[in-house]
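This is the structure I want to talk about, given as structure tokens.
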Amino acid sequence: MLNKNVQTFIACDAEYDEATIVLFGAGFDGTTSFRPGTRFAPSAIRNDSFGIETYSPYQDKDMLDFSYFDSGDLELPFGSTNRVIADIASRSAQILRDGKLPFMIGGEHLVTLGSVMAVADTYEDLHIVHFDAHADLRNDYLGQKLSHACVLRRCHEIVGDGHIFQFGIRSGDRDEFRFATAHTYMNKFNLNGLAQTIEYLKGKNVYLTIDLDVLDPSVFPGTGTPEAGGITFNELRNAVTSVCSQLNVVACDVNELSPQYDQSGVSTAVACKLIRELLLALS
Amino acid sequence: MLNKNVQTFIACDAEYDEATIVLFGAGFDGTTSFRPGTRFAPSAIRNDSFGIETYSPYQDKDMLDFSYFDSGDLELPFGSTNRVIADIASRSAQILRDGKLPFMIGGEHLVTLGSVMAVADTYEDLHIVHFDAHADLRNDYLGQKLSHACVLRRCHEIVGDGHIFQFGIRSGDRDEFRFATAHTYMNKFNLNGLAQTIEYLKGKNVYLTIDLDVLDPSVFPGTGTPEAGGITFNELRNAVTSVCSQLNVVACDVNELSPQYDQSGVSTAVACKLIRELLLALS
Amino acid sequence: MLNKNVQTFIACDAEYDEATIVLFGAGFDGTTSFRPGTRFAPSAIRNDSFGIETYSPYQDKDMLDFSYFDSGDLELPFGSTNRVIADIASRSAQILRDGKLPFMIGGEHLVTLGSVMAVADTYEDLHIVHFDAHADLRNDYLGQKLSHACVLRRCHEIVGDGHIFQFGIRSGDRDEFRFATAHTYMNKFNLNGLAQTIEYLKGKNVYLTIDLDVLDPSVFPGTGTPEAGGITFNELRNAVTSVCSQLNVVACDVNELSPQYDQSGVSTAVACKLIRELLLALS
Amino acid sequence: MLNKNVQTFIACDAEYDEATIVLFGAGFDGTTSFRPGTRFAPSAIRNDSFGIETYSPYQDKDMLDFSYFDSGDLELPFGSTNRVIADIASRSAQILRDGKLPFMIGGEHLVTLGSVMAVADTYEDLHIVHFDAHADLRNDYLGQKLSHACVLRRCHEIVGDGHIFQFGIRSGDRDEFRFATAHTYMNKFNLNGLAQTIEYLKGKNVYLTIDLDVLDPSVFPGTGTPEAGGITFNELRNAVTSVCSQLNVVACDVNELSPQYDQSGVSTAVACKLIRELLLALS
Amino acid sequence: MLNKNVQTFIACDAEYDEATIVLFGAGFDGTTSFRPGTRFAPSAIRNDSFGIETYSPYQDKDMLDFSYFDSGDLELPFGSTNRVIADIASRSAQILRDGKLPFMIGGEHLVTLGSVMAVADTYEDLHIVHFDAHADLRNDYLGQKLSHACVLRRCHEIVGDGHIFQFGIRSGDRDEFRFATAHTYMNKFNLNGLAQTIEYLKGKNVYLTIDLDVLDPSVFPGTGTPEAGGITFNELRNAVTSVCSQLNVVACDVNELSPQYDQSGVSTAVACKLIRELLLALS
Amino acid sequence: MLNKNVQTFIACDAEYDEATIVLFGAGFDGTTSFRPGTRFAPSAIRNDSFGIETYSPYQDKDMLDFSYFDSGDLELPFGSTNRVIADIASRSAQILRDGKLPFMIGGEHLVTLGSVMAVADTYEDLHIVHFDAHADLRNDYLGQKLSHACVLRRCHEIVGDGHIFQFGIRSGDRDEFRFATAHTYMNKFNLNGLAQTIEYLKGKNVYLTIDLDVLDPSVFPGTGTPEAGGITFNELRNAVTSVCSQLNVVACDVNELSPQYDQSGVSTAVACKLIRELLLALS
């Protein structure tokens, strides 16, 4: 008798009960205004993950020594943003109820809202660490409040002032930067200030959200709105390893890969390697 | 003093008052479930239209002898399908009020609904001639009623039984084909029966809607859901020329080009040439 | 508790015991001399199969009414052709032992050899129906006997004179065409003679092997060695439907898609649709 | 001692003295107004020619039985159209002086002018057989007389009325079609009338010029100005085989491949196969 | 009544009379010897400019607070380099006569010559600040004096010794580097020496010309002749901001984007963002 | 009489007898498990080498002042790894016998084995300097000992402990890193330690092997297994210039370009420029 064709991110093939971290894909790009395509990210990442090793020479750890579960992708109803957010929240909530860490692969950045809603219901006094090129702090975008350009603004409505820490931001309208001055901690352009932030957040519950376009487009061209002047892969890798290994990260997500804009496959490979480092640092 | 940079489909540079046909783009692909990208069609078509001639040796007519106006693209709020449909209806309605023929360039096929709503408000007993690979007759798609896969079903709710004539259809679920048997005239696979349809529709008000994927994917690969076994360019060109020159076409649209899936530019060139033939046949 | 992420060709999600047809992928391209890439075909086909419908208006049948099982892809040791052939033969043999029909998705055409070996062990007096642009009848290629260019020659050594029927052939060296005259039935350029072949093969055991490059490159550009002057999709669809519904086909394969050479995705969509028609015609 | 790396079109490796046909590349696209790239054609054709066979099952002839010489590409000074034309004429003239047939691979269609100049100096009463989608009969283009869009008009100034026979033409401005009516034999849209033309031209000196965009863009997408509604590969193959085998063709060229617009490589493969058929038919 | 479809670089929609800076496109690549395509740059930049913000967090300035006019693209006669240069000079001259700053978007680097001619007619003692990977100091290229490879040499003939300041240069033949030693100020490989140059040029009239291939190809792959070992985006952004805000820049240009060589769109996005920073620094 | 079309890497057109360095291509990728395509590298490099200059401003040397010979590509029998290795060894051996330095352009990294075998037969106490992202120290891969993933392990069997010096390594399984600790000198992640290595190797015979994926994927995306976090072009250029100018390099190779994964051509340009620097530093 032959087996069914189970597909996972590399080495995420534990039984659900044994796993401490559960992946799922939320390939939604329905509010993307400029160039869509993040819907293709979860499946591309899963597929190309077999081009990387399970062992990290940076952390000297091997995924084979831990238990991860990949629960596949949500089937999301394009055209109904509200239902999409609800479906994501529901998946995160179930993983949290089972005492595991939800690890979401987007999708456009709006998907973070669904997961943050579920996590904020579970963990008190939630703080968000946010790596991104864009502030994502608009109140609305062409009249839409549920938009990728507004996602951290919506999250702010959940977690409140002083609970969002933004790094690498180098694009937004003037109002977003003003809002940040008043309501979030924002470190523009680079990762300066991360060490102090980590010190401050020790012992607190942290949601880690990574918009991969925080990377320089030379490193990560496969994204809808590339923004020149970003950080290097090693800067981001070091930063997220520090966050995950030193703080109490209770959930995380990795967003905004649009694999079809990078025919070389490098952007997908970057995402895969970063996810490996995250999974190992969280273990 | 230098002039502003006005961009139009080739030879559509008349003054609004003089024009009898008015183009507009509706680059919406927000409900596209499989592969997005029709949002890029109107601007690609406008740009590449300068690679074709204004003269048609098929009809021995020249666009320079007529007056067309290109009113540019609607700015559509991705994420809110209802508002998109309303904005499209509003643009069509204005053109109709000014006694001109609205010629819409999509976008996914759902955009047709907005224009049909406006046209059906203006013209009594509206009939729809529909070229497509897909039936588009689903009642809903993943629970959504406003979906590209349902657009002719929604149009049927407006124009009623026996008012929709479908050609080239070769894909759908079983229920769609059953619905067609009961409620529309459907010619599967090819254009047989077009001559009789034209005979029957003479003197009636006709809305012509063309999903370019009715063409064989060899001719038109640049589309989200290519469906093998389609018709040739000359078959479609002949068909739409007949419809436009022999019937009382009061509005029309051309949809479902996704230029980024055809790096050769051939699909965009096909769309441009077909639009030229349509404009000439409608003049 | 969340489910594992099972991936199949659309609607091939039956339990193994219930299925009458079992798919597997053999993404091998290790002897491809010109342009590699068929290794990517099985996963691309599985992925894009969700862009087609399960219902065929051509046959008025729906995949949902039958039971198919997709057993995933073989992990093949590139660099060792002998072991690859043996692994393929082994998978086919197991499916045959369980009383099911093996349906292989290549891979370069050499993979057919493994499956034919297993099938010829099971079924007496095996005949092969072969659609292809290339004769594949070389005795060796740069000294290699296990080469895509020799696969039908190797099959001939198994099934013998008068047991191979070739259609659509339009490329080869002079010796291959001479060999065909003496040892196989070859119909050059098109499908003429298929009706008589079907008549002749009624009641006999038939292995059906399809090299998709039999299609014209306009229809199917995504292949390593495109050969102008081929047949249309509807010609091939009609032909294979006739073969499968009128003959005793005991195994089949579909080969030589190289998805990365067709950025439009049309070639993969063509393969998916043909596989659906084959699965329905075999049911 | 190791040999130098000689590169030729497949099987065109005879010594110069033995060859009866001499190839050369003229990769010029300096007047191309819309989309450049034919400069890359000669090298792409030479490279991909090793993906086709030397034997033609259509003609039952093998290139290995004849002697062809490939003299490589002219190094053309972009920016100086006059010098480019002169360099081409000079190369053709040398080949003619040596009693051989010049076979040029363009480049944009303007390169034909240089070769026709040299051939008309050698052969009296030269006639031109011209396959193309475009009339190329403009008197000037944006004031330029040496433009791809004017090349047959310039040739007409050399060979005179009634000496140019055009097939497959489906694009041009109104004046070009009027000029054709008065001065050339033009068969619009298809190849009807070729048989009579061949009958008429028997015994006369013929220059054969092929703009590959005469093919339908589905067959040949890799070209700067694709023009829907063209002919099939087999139609063109049959036509040029007839011309070459029945008429006294004294020189020929094949133009307007832009390989980079067809990432699949199909267009280059089509060009290679057509050149093989031409070389065999001319032998 | 509907409006005409005016297309501009983002936020460059002022009335001509109010604008202090006037953009125009010069999409000429007629002397490009290696890989053409800069002709597509102006329209690609205009189109993708809507993917960036009007606000710069680097300068804390917003384009909405200033008045820019985009006068569209020159229609240039390919094949006649002299006329192209003259047309560019004429456009620049008109903008200068109206007391505005001409901001040209190329095109290959040769277009700079036309603009420098006009500017040198208007402003005395003109100095040129030049960022580039290539020296562009050849006396001729394949006999052509009007070539992209010679443009700074031609400019030197206009502005004279000691008036050209070159940065980032890392490619050229030996003679070009010798010429630089004698006649220009050249800073090889990087931007060292820029601070002193700025100090020296204070109060002088400066023409700023940027060949975007000065950037490392990882940052800017979309160019005809990528040259490894270049500078980063932030290095270039800082440099040009300094030049524009501290010196009397009377005209500038940005050249050598070939968007079709970077399917990711990153190179076009880099160009857009740099142009925004330039426009803001010049205001 | 016209010349044959000789194709070489730029400026490698000396007579064989005069040359001190002999290039050859070994475009083999038959054991590549993830993404094939290095077979296309030698011809792409030769072709695009005409986009770079022969003069290096870094070394102030010009290739025109030295004598190099390009002996073209080996025709390798895909499907038979043993014969491929033997053919490569044979070509290297011949060049060595003639007293010249073999300079091989791969191909996947396994090709190094063939050349090292020949060189180790000629030169005693051979040391290997190895730049790579991957350790390549597996004992076998899916049971294959002749695999790209095992090549340095096979070389270790030839040259022994303490004779291999690895730089830039950032990927491998745990066992490979353990093996390196015991048997090679490995510098992880970067080029630290190179100066000491050069000091140590002075006067010894050195084989230099460069897997171009040691570069960061932003700089060199065109490779089968891109590995984020690599070194810059200038770091690699400096390093190999030091090795070649200060050590007794007796043979070298450059591997793992897959040009088709980088449509921009940048990766091929990087390879060309690095080869120029190597050739000059070796002269």
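As written, the chain order gives the labels A, B, C, D, E and F, with residue 1 at the start of each chain.
Heads up, the rule we're going with is that a contact is a pair of C-beta atoms (placed from the backbone, for glycine too) under 8 Å apart; a residue touches a chain by one contact, two chains touch by 3 or more.
Here the structure is a predicted model, which is why all the values come from computation and not from measurement.
Asks: For the sequence-identical pair chain A and chain E, what is the superposition rotation angle on Cα atoms, to the nearest 5 degrees?
Replies: 120
Asks: How would you label the chain B and chain D contact, same or different, if same means the shared numbers make up over half of all numbers there?
Replies: Different: fewer than half of the residue numbers at the chain B-chain D interface appear in both copies.
Asks: Could you let me know which interface, E-F or C-F, is made of more C-beta pairs in contact?
Replies: Result of the comparison of C-F and E-F: E-F.
Asks: In angstrom, rounded to a whole number, how far apart do the mean CA points of chain A and chain D lie?
Replies: The answer is 55 Å.
Asks: Quick one: chain A and chain B, Cα centre-to-centre, how many Å?
Replies: 39
Asks: Of all the residues in chain E, which ones touch at least 2 other chains?
Replies: Residues 216, 218, 262-263.
Asks: Per the touch rule above, enumerate the chain pairs that touch, sorted by label.
Replies: Result for touching pairs of chains: A-B, A-C, A-E, A-F, B-C, B-D, B-E, C-D, C-F, D-E, D-F, E-F.
Asks: Which chain C residues qualify as touching chain D in the complex?
Replies: For chain C paired with chain D, touching residues are 34-35, 169-174, 177, 188-189, 216-219, 221-222, 225-229, 261-263.
Asks: Taking the touch rule as given, give the residues of chain F at its contact with chain C in the complex, in rising order.
Replies: Counting only chain F, the residues touching chain C are 29-33, 36-37, 39, 75, 77-81, 83, 142-144, 146-147, 260.
Asks: In their shared complex, at which residues does chain B touch chain E?
Replies: Touch residues, chain B against chain E: 1-8, 16-17, 22, 24, 43, 46-47, 69-73, 94-95, 98, 263.
Asks: Considering the complex alone, what residue numbers of chain A touch chain F?
Replies: Contacts found on chain A: 50-55, 57-58, 62, 216, 218-219, 233-234, 237, 262-266, 269-270, 273-274.
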